[in-house]
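Going in written order, the chains are labelled A, B, C, D and E, and every chain counts its residues from 1.
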Amino acid sequence: MNIHRVARDLVATHRTASLADKSLRVVEDHRGNLEVALDPVGAKPGDFVITIGTSAARIAAGDPRITTDLTIGGIIDHWTEARWRD
Amino acid sequence: MNIHRVARDLVATHRTASLADKSLRVVEDHRGNLEVALDPVGAKPGDFVITIGTSAARIAAGDPRITTDLTIGGIIDHWTEARWRD
Amino acid sequence: MNIHRVARDLVATHRTASLADKSLRVVEDHRGNLEVALDPVGAKPGDFVITIGTSAARIAAGDPRITTDLTIGGIIDHWTEARWRD
Amino acid sequence: MNIHRVARDLVATHRTASLADKSLRVVEDHRGNLEVALDPVGAKPGDFVITIGTSAARIAAGDPRITTDLTIGGIIDHWTEARWRD
Amino acid sequence: MNIHRVARDLVATHRTASLADKSLRVVEDHRGNLEVALDPVGAKPGDFVITIGTSAARIAAGDPRITTDLTIGGIIDHWTEARWRD
């Protein structure tokens, strides 16, 4: 799993049915690279989160038919930008 | 999931039966790296899209027997080149 | 599988049910990149461990419904920082 | 999926039964990095091909028990070295 | 699949049951990056081997319950350090 910071929401009106109406967030890693994660936990911009990839992402979404390859698995307590880089 | 821009169509006349007659697009990331994605949503060159990898790509293709490892999951609203790099 | 050193525990009080109450560790590779691994073997900070990714991570967690994509598979005997870089 | 150029055949006489007697090719990406792909389509050195990874590679091999993680999915029409780098 | 050279054996006495008593090898790529692969073919230090990732690694291990994400699939004939870098 990786550590990402939530950057903002992502809107994609025209999408496959397999993504349903799930909330999507743009997340960034410590180098500033952006990815898109499905969010079943209600994270907010600025939160540091654990992101889950591979087939585990679909299961973490609550339904393995949801076609995500990156899902937010939890909000990290007590994480700061400084910790990210140590 | 990643954010890609559709660059152009890709033609591969001689292909495995498992890719069927699905539309393929060349997509590029913000560094200009090229990949090939199956497109079930009808994206056009220049569109910014969400791409889905891992086993989720096959499910997003509408049939898990379709052998794609990257599928366009949606067209992003209100995305610009500038947002890509922030 | 990769070789990681356990850096510290990770606390994420608000998490998906699919991560249950499993122990999570921050692990680092030889370049200092951080990832998060589920730990079923009881590794301690400073231990050099084998980490398992892909769908094997869920099976190694002892229950394939646990949504991890990185699981500690064992503690390496006789590994030192010097060996890591050779 | 990625775009690779077939470099040459690869001979591995001593192999697992799960790779059977399938043809293997050394393929290179636009940076010259080498990987090994199973080839069910009969590509030749110099051909530009689409390569399929993840679990889709096994299905594209024609039998999911074939243990490949990279399979040639098709030969690309009208691709040149120049297009690779644009 | 990737091309690796076997560097040495790896000993991990304390490991998950899911790795059983399988032989593990430290393998290196052409840049010297180290990974750990399960070895069902009996490769020796110095051998150039094909390594298989993703879910195919578990099947190549001879039992999909073995939790490896990298398995040696065969020993390459006629490979040299020079070929690795061309």
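The definition used in the following text is that a residue touches a chain if its C-beta (ideal position, glycine included) is under 8 Å from a C-beta of that chain, and two chains touch if they have at least 3 such contacts.
Nothing here was measured: the structure is a model prediction, and the numbers come from that model.
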### Where chain B and chain C overlap in contact partners, by chain label
A
### Summary
Touching chain D and chain E alike are none
### Task
Please work out the Cα centroid separation of chain A and chain E, and write it as a whole number of Å.
32
### Approximate Å spacing (C-alpha centroids) for the pair chain B, chain D
19
### Multi-partner residues of chain D (at least 2 other chains)
53-55, 57
### Query
How would one label the connectivity among the chains shown: line, ring, star, complete, or other?
ring
### Query
So that chain B leads and chain D is second, what is the order of every chain round the ring?
B, D, E, C, A
### Message
Show me the residue ranges of chain D that touch chain E in the complex, using the header's touch definition.
### Response
10-16, 18-19, 24, 26, 32, 34-38, 53-55, 57-58, 65, 67-70
### Task
In the complex, go through chain A and note every residue touching chain C.
1-3, 30, 40-41, 50, 52-57, 59-60, 62, 71, 73-78, 84, 86
